[in-house]
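Reviewing the structure listed below.
Labels for the chains are A, B, C and D, by order of writing; each one numbers its residues from 1.
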Amino acid sequence: MSSFQPKNPDYRAVATDMFERQRAMQTLGISIARLEPGEVELAMSYSPDFTQQNGFVHAGIITAGLDNACGVAAFTLMPAGCDILTVEFKTNLLAPAKGERFAFRAHVVKPGRTLTFCEAGAYALNDGVETLVATMTGTLMALQGRE
Amino acid sequence: MSSFQPKNPDYRAVATDMFERQRAMQTLGISIARLEPGEVELAMSYSPDFTQQNGFVHAGIITAGLDNACGVAAFTLMPAGCDILTVEFKTNLLAPAKGERFAFRAHVVKPGRTLTFCEAGAYALNDGVETLVATMTGTLMALQGRE
Amino acid sequence: MSSFQPKNPDYRAVATDMFERQRAMQTLGISIARLEPGEVELAMSYSPDFTQQNGFVHAGIITAGLDNACGVAAFTLMPAGCDILTVEFKTNLLAPAKGERFAFRAHVVKPGRTLTFCEAGAYALNDGVETLVATMTGTLMALQGRE
Amino acid sequence: MSSFQPKNPDYRAVATDMFERQRAMQTLGISIARLEPGEVELAMSYSPDFTQQNGFVHAGIITAGLDNACGVAAFTLMPAGCDILTVEFKTNLLAPAKGERFAFRAHVVKPGRTLTFCEAGAYALNDGVETLVATMTGTLMALQGRE
């Protein structure tokens, strides 16, 4: 359960709308599985279209899911009328992204007026077993006055 | 001009083959524009399919291009019979990825028997002007004996 | 409680010895407060000798504590006869490092034969209140055959 | 030669003053060797007080030098009356920090009103040979209205 108090009572609608305007998420088949203030889980099915040379999901695609999870998590805590952009992230790849489905779970560690710091994990679901395949730490920035 | 001496005389064919076996690269429309020992440039056209909420290319897609550029650059210096995986990378997003075409340029900074360190930049080409939109530093690992 | 099984039954003595051979740790006044397989807490008192322009502890010193916490945590899970080196780390600075004492807590997320991935947090203790001031994610490498 | 135009004509005095108010720099024996708009080189002599278990300079100390080089480089381009803080950095360790002297060279890649992105390298000087031992990419933040 999240311990953050959203500044925007419409955080759910606004964060969902921001997510749905990202064509990349539709193309990659990524959807919102769970959304709380400062926390989000995204879901993606395996597709051979996004694989690297060994048939696993490409690290860049895993990163796209992680980055978006961080962005949506951060966005739920921003005031109304903001836009958001990613400043930086680091991804550590821990295991091959081999699975039927993938979950990208992010949470806000430190919200801020300008910068928000998030952590996220990418999990592969394979034969009922969940494996942490990658982690991200990232900094997101609120752009104010974009009503 | 590259100053590295490849260990594998077939580096060009082997690196190109590894790249072409990545379905994600075809799906994203990324191709090799230039390939030297320890250096590579990849090219991508803009596609609305891979955009974020403001119509710019998604940071995860830019990262996929950067990561692959690092991987191919590192792979050109690895001995025959290796496979390669990404250990980690950090991406800093410096400007909106707005352009008609994109170039991902990577070079090896420090090759090693096990680990290779690379730097890369993503450039947007817009109305004839080139802008640095993101940078990556990354660590790649050689997996030996995968003949 | 740690869930890792150390490969080296002498992990405690070996990790403590490695820590104590680091002159930098003595100079910075950093000591081991807690040590379990794959987990460590280091402690440091505030000293004006290691401050930045506003009298807070310098980010590089905080990083030295975090890096060492990751190194010791990783080292507890390595086999006998290894040496260890840091491959890379990222530090995110979340709040001014203002406090009387500091704790650096690290744990192994993914141990590996060659590479081990760790996460760590730096906490400032100020008037009885603990604040997360920085986080680290880092990759450590085992160098084998250094008996 | 630097291509940046400083906003503060007193950039040299202000950046030098900020550096000199950092007690950590004196304790570590780090000084400014060269300072241009958006570029800086710091110098440090080897001291056994700041070594790790093999007698090389500790990665955290190398990071302190790199971080400060980035901070000073970024600060030269900020307007008068700012303070500066580090948001994040990643350090990649490429070779043992073994040398008689060390140089930390940073330059601004992308200055910004709020955030500035820098790259830096740490070089060991050993028997007249210079070796790149670590790199940093980092994000610095201007805090305005701190006259």
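Definition applied: contacts are C-beta pairs under 8 Å (C-beta built on N, C-alpha and C of every residue); 3 or more make two chains touch, one makes a residue touch a chain.
Because the structure is predicted, anything quoted here is derived from the model rather than measured.
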item: Least hop count linking subunit B to subunit C through chains in contact; value: 1
item: Most remote chain, CA-based centroid, reference being subunit B; value: C
item: Length of the line joining the C-alpha centres of subunit C and subunit D, rounded to whole Å; value: 23
item: Centroid spacing, where centroids are CA-atom means, of subunit A and subunit D in whole angstrom; value: 33
item: Geometric centre distance via CA averages, subunit D-subunit B, whole Å; value: 28
item: Per-residue multi-chain contacts in subunit C, two or more chains; value: 87-88, 90, 92, 139
item: Subunit D partner contacts - residues on subunit A that touch it in the complex; value: 87-88, 90, 114-115, 139, 141
item: Subunit B partner contacts - residues on subunit D that touch it in the complex; value: 90, 92, 94-95, 109-110, 117, 119, 132, 135, 137, 139
item: Subunit D contact footprint on subunit C (complex, rising order); value: 18, 21-24, 27, 48-54, 57-61, 63-68, 83, 85-93, 96
